[in-house]
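Got some structures for you, see below.
First chain A sits with chain B, and in the next complex the same chain sits with chain C.
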Partner chain A sequence: MSLEVRDLKTWFFTEDGIVKAVDGVSFNLKKGETLGLVGESGSGKSTVALSILRLVPSPGRIISGQILFDGIDLLKLDSSEMRRIRGGKIAIIFQDPTSFLNPTIPVGEQIAEAIRLHRKIPKVEAFYEAIQIMEKVGINDASIRARDYPHQLSGGMRQRVMIAMAISCNPSLLIADEPTTNLDVTVEAQILELLKNLKVEKKLSLLLITHNLGIVAEMCDKVAVMYAGKVVEYGDVYTIFESPSHPYTYALLESYPSIRYGVYLPKELKVIPGDIPDGIHLPPGCRFHPRCPFSKEICRLEAPKKIKIGNEHYVSCHFPIS
Partner chain B sequence: MKKIEMSSEFLIILRRFRRNRLSLLGSIIFIVFVFFAIFADFISPNDPYEMHLKTRLSGPSSRFPLGQDEFGRCILSRIIYGSRVSLTVGVLVVLISMSIGLSVGMISGYFGGFIDTICMRIVDALLAFPSFLLALAIMAVLGQNIFNVILALSLVGWTGVARLVRGEVLSIRERMYVVGAKAIGANDFYIILHYILPNVFPTVIIYGSLMMAGAILQEAGLSFLGMGVQPPVPSWGAMLSAGRAYLRSHPHISTFPGIAIFLNVLALNLIGDGLRDALDPWLKR
Partner chain C sequence: MSQKILKVENLKKYFPIKKGIILSKTIGYVHAVDNVSLKVNRMETVGIVGESGSGKTTLALCILRLLEPTGGKIFFENRDITDLKGRELRKLRTEMQIIFQDPFSSLNPRMTVGRIIGEPLLIHKKMSKDEVRSIVEDLMIKVGLPPRHMNRYPHEFSGGQRQRIAIARAIAIKPKLLIADEPTSQLDVSIQAQILKLLKDLKEEFGLTILFITHNLGIVYNFCDKIYVMYLGKIMESGKTGEIFISPANPYTAALLSAIPIPDPKIKRRRIILKGETPSPINPPSGCRFHPRCFRAKEICKREEPPRINLGGDHVVYCHFPL
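Coming up: the complex of A and B.
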C-alpha cells in the first residue's frame, strides 16, 4: 500500500463565493506508517479525508490534483470501481459514531452488511464474522451486543463498532477523522491503544486526522501541519516536535502543555492571536502572515514555496525558523 | 436470527403503543369494524338487501336494532356490510398510493436534479387540482364501481405521499450514516433500500393510518354524491345520502351510518397518533 496525494484542490462553490477548503495539498504515506494531519478547525483536514474517498459533499468539488493509491489515480476511477475501493481497500472512521451508524439496524447486522458488500457470503456467516470482529475490537459479550441498536451503546462502544465496521474487509489504509474527539480521556486512551494494536496486527497504514498534538506524538510517524487549506510543514514526528520550522507549527506547540522526558515542564501557554481565515477571504501571499510574529513585507506579497530543509522535512515559509 | 430481531422490535413498539390509552381504544374500535367486515355474513341480523316496504322508515325495534331505511331494509345489517366497502377502499387505496408515492418520493428525493424536477412538477400539477373534484371527474369518466373508486382515490392520493417522502428523504440523505454507508462501499440502490426506506417508514406508516381515514371519508363522499359504489350495494356514504330526504321526519336513517363513519375515522386518527409516539426512534429504549 502506498498513498500519494499530489497538489489536491477541493473547493466548495457556495452562494457567497468559492471556499478553497483544500488548496494544493501534497503528502505521501507508506505501508505501515501513520501520518498525522494536524490543524485548527476549518483548516481543511476532514475535507482531505473525504476527498481521498471521493465523498466530498455538494457544493464541494475536487478541482485538480492526483490521489495515487498503489499507483492508481483514484480520481480517474468510475463509480463502481470506486465503491470497491471504499471499505474494501480504504476505510474511514469518523469523529461522531452516533450519527454515522444507521439507527434502524442492529450494530452486528451493520457490520455484517459491510462485509457482505465486498464478499458474497451468506448472511449468517457474515453475522458470525461480525461478532468475531466485535470481540477483536474489545466489545464484551459481542454476541449479545451485536443485536443492540446504536442508541443502546455508549459512545466508546459505538466508536468500537465503527472501527469493527472499518476493518471488517481488511482494508490496507485506515483514515481516522478525529476518532476520539467526542470521547472522554480514559476511553480515548483505550481507542488509541486499539488502533495501535490493529495497525500492527493488520499491517495497516493510518491517516490520523486530529487537532490534538498529544495524540500525534503518541501515534504518528509523520506529521503534516495544515493551515487554511495548505500543508505548511511536513516531516517526521521527532523533527516536527523538536525543531519546528514553520512559525505556525511553533506557535501550535507553544500553545500546548507539554510533558517531556516524563516531567511536566511548567511553561506559559501562548495563544495564537486572531482566527483562521475563512476559505473565501484568504489573505494574499502567505496565508498565515496576519497572525505571524515574524511576517515581513514579502509575506504579504508572495506565497512561499515549499522548500526542503532536511531529510523528508518540508516547509512553506519565507523565513523558516532554524 | 432475523426473525428474533424483527419480533423483539415489534414487541417494543407494541408495548409502547399499548401505553397510550386512546390509541388502544382506537384500535379496538377499528378491530371491531374489521371483524364486521370479515364476518358480515354471520353477525348481521338481517339480509341487507331484503326490503320490508310495509314497515319502511320505522325506527329501532327488536328485529331491526337500528331501524329500517326508506325501503325497509335493516340499517344495522347495511352498516355491517358497508364496512366491507369502506375498509376495502381504505386499505387498497392506502396500499396503492403508498407504493407509488414511496417509489416516486424516494427516487425523486435521493437523486434530486432533473428526475426530481420532473416528478415534482407532475405531483404539483396533480396537487393543484382540488383532489375531490379530480376524483369525481375520474369516476365520471371510468364509470361507477368499487374498483374505479379505489383507482380514482389512489390516483389523487399518491401525490401527498410522494411529497412527504421526498421531504423526509432530502433530510435523511444528508445524514452522516448515509455518508458512512457510501464510505463502506454501498451503492445507491442498497442505500435506498437499507438506509433510506427504514428511516422514512415510521413517518409513512403514520401518514398511512391518517390517509386511510381520509380515503374512507372520500369514498363516503363519492357515494353520497352518487359517484361511488352503486346501489343496492351498501355504502355508508350512499346510506347517508339516501336518508337526506327524511332527515327531519326519520333522522335515524342518516344518523347511524354517520356515526359509523365518524367512529371509523376517529379510530384511525387515534391509531395514527399512537403510532407516531410508538415509532419515534428517539424514544427507543
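Coming up: the complex of A and C.
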C-alpha cells in the first residue's frame, strides 16, 4: 500500500461564497506507517479524509489534484471501481458511531452486510465471521452482542463495532477521523490500544485525524499540521514535537495544556491571539499571518512556498523557526 | 474574614425514575451525587475531575442551589445556604455565578450582547440604563471584546467569543465564587488557551474563587491548586494538584492519569488499561463503586464502602487498598 496526495483542492460552493476547505494539500503515507493529520476546526482535515474516499458532500467538489493509491489515481476511477476500493482496500471510522450505525438493524448484521458487499458469501457465514471480528476488537460475549441494536451498546462498544466493520474486509489503509473524541479518557485509552494492536497484526497503514496532540505523539510516525486548508508543516513525529519549525506548530504545542509524568511543573499556557479564519474570508498571503508573532510585510503579500529544511521535514513559512 | 468560602457536607442528590404517566410510581433512583464533602478556600482554583456520569455537574448545580439536594448541607461563607428561599436566595445569586459548557445554548439568541451582559446588573443592582451601559463597555474590554459590538446578537460571534460573553455576564455583579462547568471543552486548543488565560487574569483582578469542573486533566494540571476526583457520584481522592499527579493513591486516579495521551513522542510508559466502562448510576456497584473495574479489588471491596484515609496535608483517599 502507498498513498500519495498531490496538490489536492476541495472547495465548497456555498451561497455565501467559495469555502476553500482544502487548498493545495500534498502528503504521502507509506506501508505500515501512521500519519497524523493535525489541526483545529476548519483546518480541512476531515475534508481531506472524505476526498480520499470521494465522499465529499454537496456543495463540495474536488477541484484538482491527484490521489494516488498504489499508483492508481482514485480521482480517475469510475463509481463502481471506486465502490470496490471504498470499504474494501480503504476503510474509515468516524467520530460519532451513533450517526454512522443503522439504529434499526442488529450490529452483527450490519457488519455482515459490509462483508457481503465485497465478498459473495452466504448470509449465515458472513454473520459468523462478523462475530469473530467482534471478538477480535474486544467485544465480550460477541455472539450475544451481535444481536444487539446500537442503542443497547455503550459509546465505547459502538466505536468497537465501527472498527470491526472497518477491518472486516482486510483494508490496507484505515482512515480514523477523530476516533476517540466522544469517549471518556479511560475508554479512549482502550480504543487507542486496540488500534495499535490491529495496526501491527493486520499491517495496516493508518491516517489518523485528530486535534489531540497527545494522541498524535503516542500513535503517529509522521505528522502533517494543517491550518486553514493548507499543510503548514510536515515531518516525523520527533521533529515536529521537539523542533517545530512553523510558528503555528510551535504556538499550538505551547498552548496545549499537557501534563508531565511523575513531576509537577505547571506551565503558563501561551496564547495565540485572534480567531481561526473562516473558509470564505481567508487572509491574503500566508493564512496564519494575522495571528503570527513573526509576521512581516511579505507574509501579507505572498503565500509562502513549501521548503525542505531537513530529512522529510517540510515547512511553508517565510520565516521558519530554526 | 475566614479562609473558607465554601463547604459541602455529605451532599446527596438522587433523581427519581418514574414509570407511568397518570398514576406514576417511582421505581428507582439515579444516584448522581452520593455523600460528597468538599471544602474550598478563598482565592483558590479547585478542580473537580471526572468522566461522564461522575456527577460533577450535578454537584455544581446543587452548590448553586439550581437543584434541590436530597440530603446534606452546603455552607457559603460559614452560612448554611441549603434551605435559603426567596429574597435571601436571590441575594445569594449575586455571590455565585456559573459559566456553562455550551456557549451556543447558554446565551439567549434574541438578546443583544449588551443586554445579556447587563441583565444581572439590572436585576440585582437596580442600576439605571446609562450606568449599566458604561459598566458593560468596561466588561467587554476586560474580556477582550470590542464594545462597539454591544448591539450584535450571539450568533454573530464565534464559540470562543461567546464564551467571553458568558464570562463577562458572570463577573458583571462581582461574584465571590465562579463555577466553570467545562468552559473550554467545545473550543479549539488555541481558543481554549485564550479563555483559560482570561479566567486566570480575572481571578487575580477580582479576587475570584473558581470551582473548575472538567474531564481534561491537562487543564487541571496547569490551572488548579487543588483537585477532587469523582467517580459515579463519589469522591475517590482529593488533594493538592502536585500531590495527586505525583503520587496518586486511588487506583482509579492512577488509571485516569496513565490514560492521558502526553504530547511527547519520547515518553514510553506502561498504561493501566481499565476493563469496561463506567456502570450506570441507577444501580451503582456495592461496596466501592470502582471495584468491578479495579485492578486491586479484593473481596472486601465488594462488601464495604472504602474508608476515608488521610495521607497527610490535604491528601485524602477513599480506598481499601491505596497505592
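One rule holds in what follows: the second predicted complex is superposed on the first by the 313 of 322 C-alpha atoms of A that agree within 3 Å, B and C clash if a C-alpha of one lies under 4 Å from a C-alpha of the other, contacts with A are read in each partner's own complex, and residues count from 1 in each chain.
Following the convention adopted for this analysis, contacts are C-beta pairs under 8 Å (C-beta built on N, C-alpha and C of every residue); 3 or more make two chains touch, one makes a residue touch a chain.
Note that the structure is a prediction, hence the values are computed from the model and not measured.
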Fit-or-clash call for chain B and chain C when the two complexes are aligned on chain A: fit
Partner chain(s) touched by A:Cys292 [first = chain B, second = chain C, both, neither]: neither
Vertex chain A angle, Cα centres of chain C and chain B, expressed to the nearest 10 degrees: 80
Partner, of chain C and chain B, that touches more residues belonging to chain A: C
Contacts of A:Val124 with chain B and chain C, given as first, second, both or neither: first
First, second, both or neither for A:Ser99, with chain B first and chain C second: first
Touched partner set for A:Pro257, first chain B, second chain C, both or neither: second
Shortest CA-CA distance between chain B and chain C [superposed frame, angstrom]: 10
On chain A, positions contacted by chain B and by chain C: none
Residues of chain A that touch chain B when the two form their complex: 53, 55, 57, 80, 83-88, 91-92, 94, 96, 99-106, 109, 113-114, 117-118, 123-124, 127, 147, 149, 151-152, 165-166, 169
Partner chain A, residues of chain B touching it in the complex: 1-2, 4-5, 174-177, 179-187, 190, 194-195, 198-199, 281-282, 284-285
Residues of chain C touching chain A in the complex: 51-52, 158, 160-161, 188-194, 196-197, 215-219, 221-223, 241-242, 245-246, 255-267, 269, 271, 273-274, 277-278
Chain C contact footprint on chain A (complex, rising order): 40-41, 154-157, 184-190, 192-193, 211-218, 237-238, 241-242, 251-253, 255-264, 266-273, 275-276
